[in-house]
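Consider the two complexes below, in which chain A is the common component and chain B and chain C are the respective partners.
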Partner chain A sequence: MRPANDVQGRDPGASRLLVKSDLVSWIRRLMDDAEVIAPAAGAGGDLMFGPVTDPASVWLGPGNPLQPPKQFVLPQTDPIVRIERNGGGVQVSSISDERARVIFGMRSCDARGMAYLRRMQATDLPDDSYLRRADRIAVVTLACTTPCTLGFCVCCDAGPFARDGHDVQLVDLGDRFLAEGATERGRAMVADAPFRPATQGDVVRRDELEREAERHFGDESAHLGAAMRRISTRRVAEELWEAMSPWCFECGGCNFICPTCYCFSVKDRCQDHGWERCRTWDSCQYSAFTLEASGHNPRERRKERIKRRFFHKVSAQYYQRDGAVGCVGCGRCVQTCLGTTDMPAVVAAIRKGVWHG
Partner chain B sequence: MATVLTTCPFCTCGCGLHLQADHGHLTGSAPSEHHPVGQGKLCARGWHAHEAPTWGPRLTRPLLRRGGEPVEVSWAEAIDAVVQGLSRILADGDPIGVLGSARATNEENFLAVKLARGALRTGNVDFCLRAGLQPLIDGVAEVTGDPWPPGRLLDLERSEFILLFEGDLAETHPRAASLVAAAVKRGARLVTVGWHQTQMSRLAARHLPVDPGAGHQVIPGLLAAVLDGGSADGAGAVAADPGLAALRAGLAGLAVGEPVREVAAWYASAARASIVVGEGALLPDEARDGAAALAMLAAVTGHLGRAGSAILILPSRGNQRGALEVGVRPDALPGGVPLDDAAVIAKLRRTWSREPSVVAGLDAEAMVAGCRGLVVVAEELPAVLRAGGGGLDALASASFVVVLDSFATATARAAHAVLPVAAFGETDGTTTSLDGRVQRVRECASPPGLARPGWQVLAELVTRFGLPCTYGSIGDLHREMTDLVPLFGEIGEGQLDESWGALVSRPATGPGVHLRTVDLGRRDPVEGPCVAVFDEAFDWGSDPSVAHAPTLCRDHVARRKLFPTGFVEMNRADADRLGVRPGWAVRLTSKHGEVTVPVVVSGEVAPGMARLPFSARDRVGVVLGGRGRAGVRVERA
Partner chain C sequence: MGDLFLPEVARIASMRDETPDTRTFALRLRDDRRHDSFSFRPGQFLELSVFGFGEAPFCFASSPTRPDSIETTVRRTGQLTNALHTLAVGDEVGLRGPCGNGFDVEAARGKDLLFVGGGIGLPPLRGLIWNVLDERDRFGRIQILYGARTPTDLVYKDELRTWAARGDLELLVTVDRGESGWTGNVGMVPTLFDKTELRPATTLAYVCGPPIMIKFVVQDLLMRGFAEESVISTLERMMQCGVGKCNHCAIGHCYICRDGPVFNFKQIRELVE
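Now for the complex of A and B:
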């Protein structure tokens, strides 16, 4: 747990106040300049992120949509290159999406996921297509003051209050929100009326809420540090991965709902006058993920793929490279796993050296 | 960006998913968190449902064959030509028929029935995959008196004991497999019956090995054990049944091994116990009797009719239960009611303003072989006919074939008229899951080119044959189905939208439980040093809606691309003994014929077995002589 912030040492101008009755008008103002994406009750009563048409429908209550907001920076099917017939040859042009957008009401775990993805896409060979889209997206998070059912963000240092990946963080203080601008763009978003300066008491209350929230998390937990030590020092028996493998149904759901998974495949979508080359989500749990054109598959067996996934998520090697574990503790894989090989279950197995299904 | 809630179109489990579209293209699928079946989960196919209509070659314009070549025409021209072509055959008094499909919605299938029995006045209406499903359903129904086997998919999760006849459940019905795994995690005992190792057999408390496709081999033993062992608690309920004595007598003296005895005791003593029959578990010849025997096992142990104890028959593909229920079958009317049901006939007459045809018609295989005129609604014959590509050869002798499909299939290429219709995600309708949940599928993107929703095209055809179909919307069509299909009559107003589809079932109409002797495993003896068998699981790679989407068609598992002309799977020990390595050719010789194919070495196949892909039956089927299995000699070629 992080030591409590020093209230005195913080820039008092960074914290602002928004009376809840002004929330709708603020969202409406954001909608003037950008597409605003927020959680709302969708078909079948499922909470989902989607473009806001009615600011009053934005859901800032408990719970987080099963589908993370990753799809707005990394769509499941993402056309990136247009290939058109041009006389005898072809013409190739890039497709970019630079819509101004605000993702509103995102939770801290997902903001950490966005930061993780951006770091990945921006380093080594920067991905221009990704960055052009992501850089136009402002993120307004809502701090978690009550724990969610399946989350374990405190184990991943990814919550319950946001550390990175956001422009503005809202903290629910009852009849008003404390709004913290974390970036220049964020501070500008909360600079003008109806926002007003926060009082010292509001900031003290905010810190109390954060400490309380951290205390209350913990029904679901993942001791990632212990798992990291074992997995990085080759102290996980091969039999453990073998024992796990019939409990995975290779659905790929753990990858698709994971806020930090970014692996993709490439497919060409046929159009009237050519093709669109699309980046599509892929799963490292699929047996064809590493299948080579020769027919050779370096990770043919499922146990090798499960091992690979968790090595990438929690090994020290990747922790050092990425500066974070590849898990934000959102708990979504616990719900969506068709089998039982979700993050907390596998981490517990790695730590204890036994698998119970 | 558009998002709609719809139902997964693939394996019949009926999971709910949110389908997404952007700029008119389907772009994503996500599980529905609150869906009662899916509960926020999807399998690999479900996660890629949006790809089904996206990657394959689509039909975008009506086509008429002129001078041997398909020519693009207007809708008006195409419909005129179809009406003329079919009318000519009707006028000549030649046989004519309609094929519905497990790939079509309930509404499309209902209109296929209306086209056949109402408009074309024929009982020739069927769908190809019915042949595999019907005997299993009938076998259970014969014992229980209920038209559908008892229980729900979700009963699996709470079962204390599960007897699974597979197939490869994790591959064919992943959501069902996941519910079985959840039950095992809770402490349930799982027993698998099969001839090769599978993912589920690795979770099982016991695996009962049987000959290829011969799951029926263990059933008499289980029955004998519960009847002998006094563990037939429920026998009281069936004690008065005159069939019980016959059943006992037929099993007298049967030697029952200890493992089977133990499994029988587990089944009989569990509070909630389910039986699951997956694809390819029972040979076609044994399917009806095998299913009947399983229902009797449930009856004599008191599990039949007990809440939480299910018998689940798993159809292989899409909307098979719905197709059966709305009447895509030559032997019954909509709702599966008998052809002589006067009340239903009167209703059909009144609603359609025409005397319906109530004669028994030809089944799908016979129709393809013998009808001069054929309307094919979304069936790709080489994929779903047992005759495989032979079905297309038979089609060549028909004088007028109309195909309604979304994809440029081999069947469409053989047609005289092709009518392009909307695919999954492009049209509204309903489908019925394996346990009878009628759920909506919804339009999320427009069909490409001039393609139209299938129900509208069928309604127009029916109208042109003199039965007015004035459906302003699919809701109007539902109202007619509510009136005519008993199952749909139970669906309350708004229920499809409010409660995740309607779970429907009909009360027993039969005379109650009926027991009889079982006669299993006396047919089709197999002799030979090695047993060759078809892998009967439905081959997703042959389905036009998934064939071009790599994740959906599972080509990497099926090895279809690597070995397009077929292969044989063998155990490593057998391959070593023959001195062959993966990819090398072997010759399989049986009394029916011989075939030379490359070897795939598989840990799943037991020594002495040779597994042949059903998808390559055109090429390798000769060695099996049209049967499910045969004794063979294997040599290095």
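Now for the complex of A and C:
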């Protein structure tokens, strides 16, 4: 657990206050300049991220949508190149989406997930159109003063309060929010009325809430580290992966709802006068993911694919390459998995050397 | 590389059938200036778009010393390659690249070179072979050993004759099964090793072909005294993006499209799933 922040040394200007009755008018003001995306109850009652039409419908209570907000930086089907046929031949052009957007009410785990995706797209050969889109998105997180039931963000250093990936963090103080501007853009968003300066007491309360929230998780933070050591040195018995494999149904759900998964395929989609080349989400748990035209498949067996997923997420090799573990502890795979090969279960199995199914 | 996924439009300048299912395409970027400034290394690959069918990786089969055309030799095996084979001279395709690391031609300077190709594995070597032949005096002895299933499956048949006629290299060709009229060697590629003199201490061996052939050839070369670092190959994996983002070609934390496709055998041994 990290030491309490030094209240005295903190920039007082960075912490602002918003009384809850002003929330709707603030969201409305953000909507003037940008598309605002926030959790709200969908048609069937499920919580979902979507563009806000009515600021009063924005849900800042407990719970996090099953679909992370990744679809707004990496859409499930993402047009990247326009291919047009006209008299003079084929014309190709990049498609980019540089709408100004605010994702509002995101949790710290998802903010970490977005930061992870951005870093991934920025390293080695940078994908500029991804970066332009991601950089036009301001992130307003809501600190988890009451941790969610399945999350384990403390194990991944990704919560329950945000430390990166956000522009503004809101902390629920009862009748008001503490609003912390983490970036220049974020500080500008909370600079004017109805925001007012926070008091020393508010900031002290915020820190108490953070420590209380962290205490809720118990002392679990060693688990990923132990699994990382074994996976990185390939000291996980083959039989263990084998034992897990009947417990995955290859639905791909874990990948699709994971805030850090980004594997994709590329397809041309028919349009008027040509095609749109799209990147589409793909899953490393599918056998066709590595199937070559010759019929040869280097990861033919399910255990090899499960091993691959966890090597990418928690090996030291990837930790060094990507600068973070590929898990943010949101707990969505626990909720989604048709079987039981979710992150906490597999990490526990690796640590203990046995699989209980 | 500007926009990571944006292909450039190229035209098929000419085509040549190599075998019943394999064809060589010479491509020319539609924009002359771009074509003239396009550069690549042998062993690198391009992402070729057949519009409406997506993209797939194919290695450069031509040499950068002959910049007039960019060539690639493609076997018909699935959706995109089938569609490519229906195109005609003058048709437009997309070209993105070059991708991957390529062969280190500088490091081969002054060395004896042994090329071992199997079937459709000759194209990546062909680019390097012409590169080396066009700068012949910078390299030592050159041996080319090539095998295919049948004489019909041999690619670049004209060039094999041209190479055979040159006095400054040794070419040995074999087929697994002869056909009527075939008077050459019959047997798997490794059987050619006994028909020539190998000099492991001074030679770099470049091996490309189907995985099973690579396995036997490399085993044989190591037994005959080649160092693992001196045996160089290209790896193939399912790829979608060619630029290290889509994750299909990852082995461990290496990406065949970025860290490869060219590796020496010591590196290949260290790649763990």
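Just so it is clear, the second predicted complex is superposed on the first by the 351 of 357 C-alpha atoms of A that agree within 3 Å, B and C clash if a C-alpha of one lies under 4 Å from a C-alpha of the other, contacts with A are read in each partner's own complex, and residues count from 1 in each chain.
Everything below uses one rule, namely that a residue touches a chain if its C-beta (ideal position, glycine included) is under 8 Å from a C-beta of that chain, and two chains touch if they have at least 3 such contacts.
Please read these numbers as outputs of a predicted model, since none were measured by experiment.
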Quiz prompt | Three-chain arrangement built on chain A, chain B and chain C clash or fit | solution = fit
Practice problem: State whether A:R308 touches chain B only (first), chain C only (second), both chains, or neither. | Solution: second
Practice problem: Please indicate which partner A:K267 is in contact with in the superposed arrangement: first for chain B, second for chain C, both, or neither. | Solution: both
Quiz prompt | Contacts of A:A43 with chain B and chain C, given as first, second, both or neither | solution = first
Self-check item: chain B versus chain C as contact partner of A:L338, first or second or both or neither
Solution: first
Practice problem: Could you say whether A:Q317 touches chain B, chain C, both of them, or neither, answering first, second, both or neither? | Solution: second
Exercise. Please work out whether A:G357 is in contact with chain B alone, chain C alone, both, or neither, and reply first, second, both or neither.
Key: first
Practice problem: Mind working out whether A:S93 is in touch with chain B, chain C, both or neither, as first, second, both or neither? | Solution: second
Quiz prompt | Where chain B and chain C come nearest after superposition, their Cα distance in Å | solution = 8
Quiz item: So which positions on chain A get touched by both chain B and chain C?
Solution: 265, 267, 270, 291
Quiz item: Mind pulling up the chain B residues that touch chain A in the complex?
Solution: 1, 3-5, 16, 18, 20, 22, 25-35, 39-44, 46-47, 50, 54-55, 170, 174-175, 177-178, 181-182, 184-185, 199-200, 202-203, 500, 550-551, 555-557, 562
Exercise. Within their complex, state which residues of chain C touch chain A.
Key: 1, 3-9, 30, 49, 51-55, 77-78, 81, 92, 94, 210-211, 236-238, 240-241, 243-248, 250-253, 258, 272-273
Practice problem: Under the touch definition given earlier, write down the residues of chain A that touch chain C in their complex. | Solution: 80-81, 83, 85, 89-94, 120-121, 124-129, 234, 262-268, 270, 274-275, 277, 279, 282, 284, 289-294, 296, 298-299, 304, 307-308, 311-312, 315, 317-318, 321
Self-check item: chain B-facing residues of chain A, complex
Solution: 42-48, 50-51, 65-67, 71, 75-77, 246-247, 249-253, 256, 265, 267, 269-270, 283, 286-288, 291, 295, 335-340, 357
